[in-house]
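Paired with chain B in one complex and with chain C in the other, chain A is shared by the two complexes that follow.
Entry: the complex of A and B
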């Protein structure tokens, strides 16, 4: 099996820029945990794929250009790409291009060696053509890593789509989501709350963390430095002005604002409280349902509203899988422990 | 008008861990530039912080010795600011849930006992250091990521004396608990002084200024005096308007200076670090740390004076410094009697300290050899005079006392025939002294003893010599 990685995931000795000029020429000093695990599972590394800058290109207005990782799988350059699906673009594009994107539960896959964007949401996932390939890769890369303080203690995971027990599915009230009831698939409409506020919470917290995760790129120690910068302040201002793209700058500005003394309480802290509220609600709902089903696309031009579709696993750390289904594609979401039920449902839908 | 100075302190103390707060790099002082640096503490992307358990335990120990309330679940936060000594552009610190709160330290000044209340203690990482030379700035990240605690007091101090006594007390508490070596010269203990002045008796605080990174007690005393004076002067004459600001103390000039306005306007944009999970501190964990705490200076003093018959003055000196106390323990462990160990430390070792103008914390000696030397004296294998000479060599050049005594033939001379001859010749050479003795002047005994010891190069057993001399003088007087 051949795997590739977005260039926000490090392979020792490879130039790894996370798609940013700010990291121009940065050679990874070590390998990501997921890279080591794929190699030791006998998979063949077929190279890095340019990613959007820190995976956040189109932060507030996702572009429709097909992502290079999606193209790589479509063009058969590899069987799977390890990615960081920061704001949901890869889930959306996978589902609408006949591919599958698997996002594991936060903490089950080590983030050691992943160039961070939004630390509380970043999670290496698998973009693939076949569900079985994807699950083989996911099983290989999952498991505790002492180098990641957020890594869960379980040593290893075995993922498959062979579940035969009954699965209860909570459906979004949307015509694009049509799951047929079978002997062991039971469906019901689920009350999906808070979707209106999710984009705001996602972008406020996301921007705050991006602004902080990009402060290390200052032109002083590694990566890009503006050529004729003179003096410390000039090095900072010129290097960061010339080195970052539009979305990284936007995220920095917004992030700094929401963390400032003046806005911390009404924006950042409030968003954290809402995030907790959302998690409490959906933890409860995912007791009732094994899996929640959402469309993977809404169509139309309101990309901001659409980002609500991808927010739930990001804000709550749930697993999700996006796959082709009807016109819009479908996205399943589950809690830790129900992954194999979710993958079995995905297998059912794909067949 | 009478004025009162109100001072609060933020004391930074580097924790005595083997490794840094969030990576496995060594945390020891004195390595070559950037020797103790890995991708994590150099701020490379892709590295994640893994909290050092030992640092948390030392934080708990700091809480215990300052009577503080340990926080059941602690978290870490990010403090953002751009400066090249900070490779990630943020410092990991504790803002929302520090290791402990509401402690106190009791101090004893001329005026009596006083309680200094603590607001909180938090754990954070140190920054690196910049070296400016020949128009370039070089960054050394050895200290970057080294764990420290910041001990934040309430504004309870009313004089420089209280500040100094408190800092000394804190140093004793923390160094005996193994929390830190608290060496101000090496920067492992430093202090921010927050100061304001108000009319005596008023309960409204005046405008506060802060002097950061003070690392000498003398400088702190001078800085407090200067700043108090400046505030009073401003209040009385209106010569300048006092503003809340950070000031830099220049000890060579003896004045404080306002920092640039920009440095005072920093918004640190604190927020919880999502990469570090909250850490639960159970009662059992606290109990385990309490049980593992070494003897406090106070307990050691009691034990030395009550059980080991060390004099109070010696015990006070030795328990005033963790280093001396460690040397004391090492000597007694090597079989030296407590009383002897104490007196050798206080008389001989500390005279070296005075000669070299060192602090008790800096004095270093090989305690195995030191113990061997004291035991040689006790076993009467060398005289006290010889021992002093050998001690100086042991201290300066680390000579082995047993080998040295053997090689230089300095063993105690108690050969009666040999000593008899020397005593007789000294008596014969000093008939005047013998005459004075006969006339009732006993002081000449010391003089004659000196002569005899001189002839034996200090190697004679003074007890034996004295006896022979007295016998000789008695015979001459008959």
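Entry: the complex of A and C
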């Protein structure tokens, strides 16, 4: 099997820029855990694919060009791409282009060697053409890694879509989400609380973490340095001003805003509290249902509004799979331990 | 959102927007700031902030030195190095 990686995931000796001029020419000094694991599993590395700058390019505008990773799979350059889908672009585009995007439970796949964007939500996922290929890659890259402090202790995972037990599915109240009931698939409408504030919570917490994570790009230790900078402050200011694209700059500035004295309590702290309420509510809902089904696309290019669809796995660390279904595509979301039930449901829908 | 407020945030972030993108940044920031007010009505009384989605607390390893990467390999990534250290332009005249 051939795999590629977004160039926010490191392969020793390869240029790895996370799509940023700030990392132009940066040669990875070591390999990501997921790269090592794919190679150990006998998969063939077919190269890195340019990514959006820290996965956030176009976050604040209406553009939605097809991602290079999606194109690579569509053009048969590989069977799977390892990606970090931070704000949902790849889940949306996979589902609308006949592909599949699998986002694992947070902590099951090592982030060692992944250039960080939103550390509490970053997770290497698999973009693929077939569910079976995706599950083979996911099984290969999952498992404990002592080099990632958020890695769960389980040594290995085996994923498949062969579940035969009954699956209960909580459906979003949306015309695109239709799942046929069968002997072993039971559906009911699910009340999806807090959806109205998920974009706010996602953007506030996401920007704060991006802002923090991008402070390491200072023009000193590695990466881009502006020419003729005079003094240390000038090195910082000019290197970061010239090195970052507009969206990365804005994410940093939004992060500084929500972490500033005036906004910390009403925006940042409150978002963390709401994240707790969201997790408690959906942990409970996912006791009642094995899987929650949401559309993978709301239509239109308003990414801020769309982000409500993709926020739940990010904010709660759940697994999700996005796949083609009806016009908008569908996403399934589940808690740790229910992944194979979710994948079986995905197979059912795909066939 | 005023130009002065944006400048204050730029100073915190140690970066500047160029003149072409400044108006866009200000408008987007204003729009987000206004939209973020939707959080106000959410009752969060008694809710502890959620920092990590994992139940695990501190993760410790054995107190054993492990050589991960050579100093020289990291310094090769530096824009400028001198005698085993990162070098920056002169900071004090």
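Some observations on this one:
Here is the rule we use: the second predicted complex is superposed on the first by the 347 of 351 C-alpha atoms of A that agree within 3 Å, B and C clash if a C-alpha of one lies under 4 Å from a C-alpha of the other, contacts with A are read in each partner's own complex, and residues count from 1 in each chain.
Please note the rule applied: a residue touches a chain if its C-beta (ideal position, glycine included) is under 8 Å from a C-beta of that chain, and two chains touch if they have at least 3 such contacts.
Not measured: the values here are computed from a predicted model.
Once the two complexes are overlaid on the shared chain, A:128 sits clear of chain B and of chain C alike. In the superposition on chain A, A:216 contacts chain B only, with no contact to chain C.
Residue contacts after overlaying the shared chain place A:5 against neither chain B nor chain C.
When the shared chain is aligned, chain B comes close enough to touch A:114, but chain C does not. Between chain B and chain C, C contacts the larger number of chain A residues. By the document's definition of touching, of the two partners only chain B reaches A:264; chain C does not. When the two complexes are overlaid on their common chain A, residue A:291 makes contact with neither chain B nor chain C.
In the superposition on chain A, A:18 makes contact with chain B only, while chain C stays out of contact range. In the superposed model, A:83 lies in contact with neither chain B nor chain C. Of the two partner chains placed by superposition, A:345 touches none, neither chain B nor chain C.
Residues 29-30, 120, 146, 149-150, 211, 215, 218, 220-222, 232, 236, 256, 260, 272 of chain A lie at the contact with chain B in one complex and at the contact with chain C in the other. For chain C in complex with chain A, the touching residues are 6, 9-10, 12-18, 21, 24-25, 28-29, 32-33, 35-36, 38-40, 42, 44, 47-54, 56, 59, 61, 68-69, 73-74, 76-80, 86, 88-91.
Considering their complex, residues 10, 18, 23, 28-30, 32, 111-116, 119-120, 146-150, 208-209, 211-213, 215-216, 218, 220-222, 232, 236, 256, 259-261, 264, 268, 272 of chain A touch chain B.
Within the complex, the chain B residues that touch chain A are 39, 42-51, 78, 80, 82, 84, 87-90, 137, 139, 267, 269-272, 274-277.
Interface residues of chain A facing chain C in the complex, by the touch rule stated above, are 26-27, 29-30, 60, 106-107, 120, 146, 149-153, 194, 196-197, 199-201, 203-204, 211, 215, 218-225, 229-237, 240-241, 244, 246, 249-250, 252-258, 260, 266-267, 269-277, 279, 304, 315-317.
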